[in-house]
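Below are two complexes that have chain A in common, paired first with chain B and then with chain C.
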Partner chain A sequence: MHKLLSNRRTIFALVAPGLFLFLFMVCFPIMMSAYYGMTDWRGIGSYQFVGLDNYMKILFNDPVFWRSLMNALLLLAATLLLQHPIALLFSILVTNAGRFEKLFRTIFFIPAVISIVVTSKMWVSVFHPNYGVLNKFLTAVGLESWKQDWLGDPSIAIWCVIFVIMWQGFGYALLLYYAGLQGIPKDLYEAAELDGAGRVKLYTKVVIPLLTPMVRVAVVIAVTACLKQMETIFLMTNGGPINTTQFIGNYLYKTAFTSSLYGYGNAISVIFVIVCLIITVIMNRAFKKDVGEF
Partner chain B sequence: MVRKITLHTLLWIVALLQLFPLIWLINYSFLKSGDFFGSSILKWPEKLEWSNYINAFTYGSVPKFLWNSAFITTAAILVAAVLSLMLSYAFTRMEWRLRGVTMAFIMLGMIVPIHATLLPNFILFNWLDLLDNPLSLILPYIAFSLPISMLIISGFLVTIPKSIEESAVMDGCSVYGVIFRIILPMTKPALATACIMNFISWWNEFIMANTFLTSEKFKTLPFSIMKFAGQYSSNYGAQFAVMTMIALPTVIIYLMFTEQMSRGITAGAVKG
Partner chain C sequence: MKKWLTICAAIILVFTMAACGNKTTNNGTEGATKAPESTPSENNETLEQITLKFFSALADRSNGMGKIEQAIIDSYMQENPNVKIEVEALQDEPYKAKAKVYASTESLPDIMQSWGQPSFIKPLIDSGLLLELNSADFESSGFIAGSTDGFSQDGKLYGLPRNTDFLVLYYNKKMFDDNGISVPTTVSDLVEVSKQFRAKGINPITTNAMEGWSLPIWFEYAQQRTSGDFNKVDAVLNGEGTFSGDADFLAAAQSILDLADVKAFADGFLTADYGTSRNLFGQGQAAMYIMGNWEAGLATDENFPAEFRDNVGAISYPTSDKGKASDLAAWFGGGYSISKSTKHPEEAVKFMQYFFKPENWAKQLWQTGSGTPAQKFDEFLTGEESALQKGLVDVFGSTTSASNTPFHDLGTDEYKTKVMDAHQKLFGKSISPEDFLKELDAAVALLP
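Then we have the complex of A and B:
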């Protein structure tokens, strides 16, 4: 058996197809980006080698890039301060919903499986200044002065977009916390009840501390998801008005395909990958120290 | 009692907020185009306008896009499942020196944003003459499916006792025979979970489709609504019908396999 399992040809045959495809479609392109990022290519014609100029410009002299990073941070803050607490609360409510438990859990996740093309288009219609449901609703309840050009106003658009992203990801966050709650042994609840702990105390003192490992997982996922945000932006605002809703993924796309700054767009791509890697490493370091157990 | 009522009211309010788009979508897909500009949020259709669906099918080349989507997604998830199974077996059962490093390397794929590969892959596919070819989607879809699928499948593989494989080998079965005749049927639940999760991702994927497919020949379904919105901008009814058709397959698959999906997501999250 050992001889069979350490046969090099077999190992090669099993690993090579997947590994090769992965190198070819994920790693090689990033190296290509690193190269084109050092040129001033505009997508067609000849180009010149400009060294690290593009990279330096992105890091030190590109307000839109930093705006995109700040938007990711803003989205992250909103996710962690609003979406996650609400998702945690509702995951607790769902576990207490008796025979409707499964139904609610299923319903809450539905937006996450619907195509972003569809949900974005829907929310664009909801926010439409003239025909949108939101403004119609405000008129109907007599709050006409609250009506806005939701996605056209530079100071409001980012919040609308953040709301939509949080709405779509709500079921995902809820599912993670729900799974965490399922992992807590039932007798712990009973023991706490025997000790005379009330419901609020039961959750704040016993259940939520036990959920810490899952909270960490959810935070790590939220950080990368916020950084990688693109599709909703692309479809709802394309980064506008005046780049106030820009995110890195959309910015590099627009730079390359709309502004034809292909070399510069590739440099953004490379920095994007590096930022994602660095943040993941930092978070793994920070969270690995103490892994809680039930 | 009061607590129970409050609990259920709260849950229903949020459930409605989450379900609203689906209701709204289906509702509007049955309205006449003239009905869209009234003041009400939802509108009871006087008569179900099936013609919206018929229009979508005849003008929007929806059947072609539907077929493209189905073909590209199916090809990607099936190949990804086989490759991930082979990789998982090599990583959990085979004995070789670089396996830890190689596995960690492929796992990096979960961190790399797909958007960072859009620009270079556009050039790469241009060189290889693969632009506007289904392969320009199938290949990256498979590559980006590998990390998560491997995680799910190898997590399941380590729980299967090795004794079955050992006796099969005694009977003269090769490693490939072990993988495809013995392990494959046993890992079906994990394979199904991986396939369902990949199905939802790639059925909904549109940014690569929008970038690498330049003519209409192979465009996938999510694209059709963008095309539709431009060309038939006044035919709202048909637009909503197309959107409903894009949304329903994933919702139905999700409702059929809720448990597998939930397990896959939490497994991927905890181990990733």
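Then we have the complex of A and C:
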């Protein structure tokens, strides 16, 4: 087997199909996008080459694009600073829940297995100013002044949407940390206890450092999910009211398919790819530090 | 040997992956109906089997217009067992998005819904994607004069209109009576009435502001009511003048803001899509609903309570000293076109002739109360129409001037999006009337 794998031809034969698919299905479309981004193509008919006009306009004269990017970063911050710490805490609680462990694990994971269409539409109903459960509840407990037009008010809609996206992803994040916790050998806990570590010390000094690889995975997944957020937005607000909940994916779609600006849409997608690459580089740098081993 | 095994394995891997990526056959067409499995008669055995792809924006195949469309398709297939019509139906906006994908890949379905408005049909005609039709083939259909204009370019016909559309104000009579409020007749009444409903904690007016296309038509009404002339908007689009700096346009924008100021627009106005706003009105959560006459079916839709169905009425947009109720925002909307690349142009035309026989579309549409055809239909009046239908006929029958094609549809999609965005901002009170007009001018500047 070893001999076989050292044969260049074999290596090539094994790698070629995947490489071919990657080039054909990932690199080629991105290059085509970059090209179409330099045209004024409207989807149908002929088009003209306009150089870097589209790219310049996006970078220097398109407030909606920047708003979309800011929203993605806002979502990312909320995910990393709120959702993940809470998910980690709950995964620890679930691990220690004894005979209820399975039950809680299932309950927390339910939102992640229900179709996003269903949960998004459910939350749209919950937030509805007239018949939504949330406003009804506030009325019932005497907090009528707190009632809001949750998704219709430009100043709070984004927070509602971010909350829903975090809620949808919570189970998944929890499951990742939970799996990570299961991977830490039990004797490490015992050893730490024998050495006189308390509960808090046990987690801060032993468990969480050992979880670092899982944290990396979870963060990478969270970052990608936040950047390419589209479906929940599309289903809940379609970027409205007045583009305050716009995200790049949805903006790109709206530009290309509603406004028929395919050239411009392609330019957005290329810039989007570049933004993703930059963030990937930053993440790789940040994660270069050694991690705990066992 | 091992080497070859590995290479074989690699090849197999490629094929399995390719298989994963295989295009799945699209049988997920909502409401698609298979041809009845009747044994072909002797005559038919010699006939060529024909499959026509039919792409429609009437997504609901079990109610209203979609149901009638499907019924006519089914009966055609029954009468012509060699013809199979495969239906693909999507909601308005997804429909338009997918139609663009079909158009850009030059794979339009044989027959598709089209709109006789430049924003939709012009790029298709300019790119030579639509089949030219012979108007003589459809003489017996009795299309209303002028109704095919939007589907024509340079004297050639590229589509057939299905409906006569006009925007009205639906109202829930019971809600008005219960609260001792009278139905508004003038623009200032509308503001006053909205204020009264708000004071009672009731949503005054709803519409599908999330999609946004009803807003520019609403604005055209507001504009007509201040200036007394529907043509003013068209004049701006033709390069004669601008929106900014015109006192009438400014007053019109202000009249919309007046409504916004008294919270005339239902809660969640800007995030209400078509279904949500329709439901809000139908479930008695809003007193008025700005929408097209195609919603005549509100009076018969059993998803809504009987007390709503019996009490829904429609009037033209409230008037002013300059604009009368007979000045109507009316146009010829949706219809059908045939793809130029269809393999069966004759059969497609034959089906369209069948579809537009007066006793098919026009009669069924009218008698089920699902809308107003773009064909003559007086012979099908039964006298048993719902009160809502009669109200709509009265509104339409009294027309003295009409807006024609909504102005957001008179340009490219980019222009359309900009116009609708500007309106959303105005209705959402996040822009001043002056800036709103400036945004409209910026949108007009995009026109070729």
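Criterion: the second predicted complex is superposed on the first by the 257 of 294 C-alpha atoms of A that agree within 3 Å, B and C clash if a C-alpha of one lies under 4 Å from a C-alpha of the other, contacts with A are read in each partner's own complex, and residues count from 1 in each chain.
In this text, a contact is a pair of C-beta atoms (placed from the backbone, for glycine too) under 8 Å apart; a residue touches a chain by one contact, two chains touch by 3 or more.
Fair warning: this is a prediction, and the values are worked out from it, not measured in the lab.
In the superposition on chain A, A:21 makes contact with both chain B and chain C. When both complexes are overlaid on chain A, the residue A:93 reaches chain B alone and has no touch with chain C.
By the touch criterion defined above, A:131 lies against chain B and chain C together after alignment on the C-alpha atoms of chain A. Once chain A of one complex is fitted onto chain A of the other, the partner contacts of A:7 extend to both chain B and chain C. In the superposed model, A:265 makes contact with chain B only, not with chain C. By the document's definition of touching, of the two partners only chain B reaches A:175; chain C does not. Contact with chain B, but none with chain C, is seen for A:252 once the two complexes are overlaid on the shared chain.
Once the two complexes are laid over each other on the shared chain, residue contacts for A:154 go to chain C alone; chain B is not touched. By the touch criterion defined above, A:197 lies against neither chain B nor chain C after alignment on the C-alpha atoms of chain A. Residues 1, 4, 7, 10, 14, 17, 21, 131, 257, 262 of chain A lie in contact with chain B in one complex and with chain C in the other. The part of chain B that touches chain A in the complex is made up of residues 7-8, 10-11, 14-15, 17-19, 21-22, 24-25, 36-37, 39-41, 83-84, 86-87, 89-90, 93-96, 102, 106, 108-109, 111-121, 123-124, 139-140, 142-144, 146, 166, 169, 175-176, 179, 200, 203-204, 206-207, 211, 222, 225-226, 229, 243, 246-247, 250-251, 253-255, 258, 261-262, 265-266, 269-270, 272. Note for the complex: chain C touches chain A at residues 2-3, 6-7, 10-11, 13-14, 17, 93, 96-97, 100-101, 103-104, 123-124, 126-127, 129, 203, 210, 266-271, 273, 280, 283, 285, 412-414, 416-417, 421, 424-425, 428, 430. The residues of chain A lying in touch with chain B in their complex are 1-2, 4-8, 10-11, 14-15, 17-19, 21-22, 24-26, 28-30, 32-33, 36, 90, 93-94, 96-97, 100, 102, 104-111, 113-119, 121-122, 131, 133, 136-137, 139-140, 167, 170-172, 175-176, 179, 214, 217-218, 221, 224, 227-228, 230-231, 234, 248-249, 252-253, 256-257, 262, 265-266, 269-270, 272-273, 276-277, 280. Only residues 1, 4, 7, 9-10, 13-14, 16-17, 20-21, 42-45, 124, 128-131, 149, 151-152, 154, 157, 237-238, 240-243, 254, 257-262 of chain A touch chain C when the two sit together in their complex.
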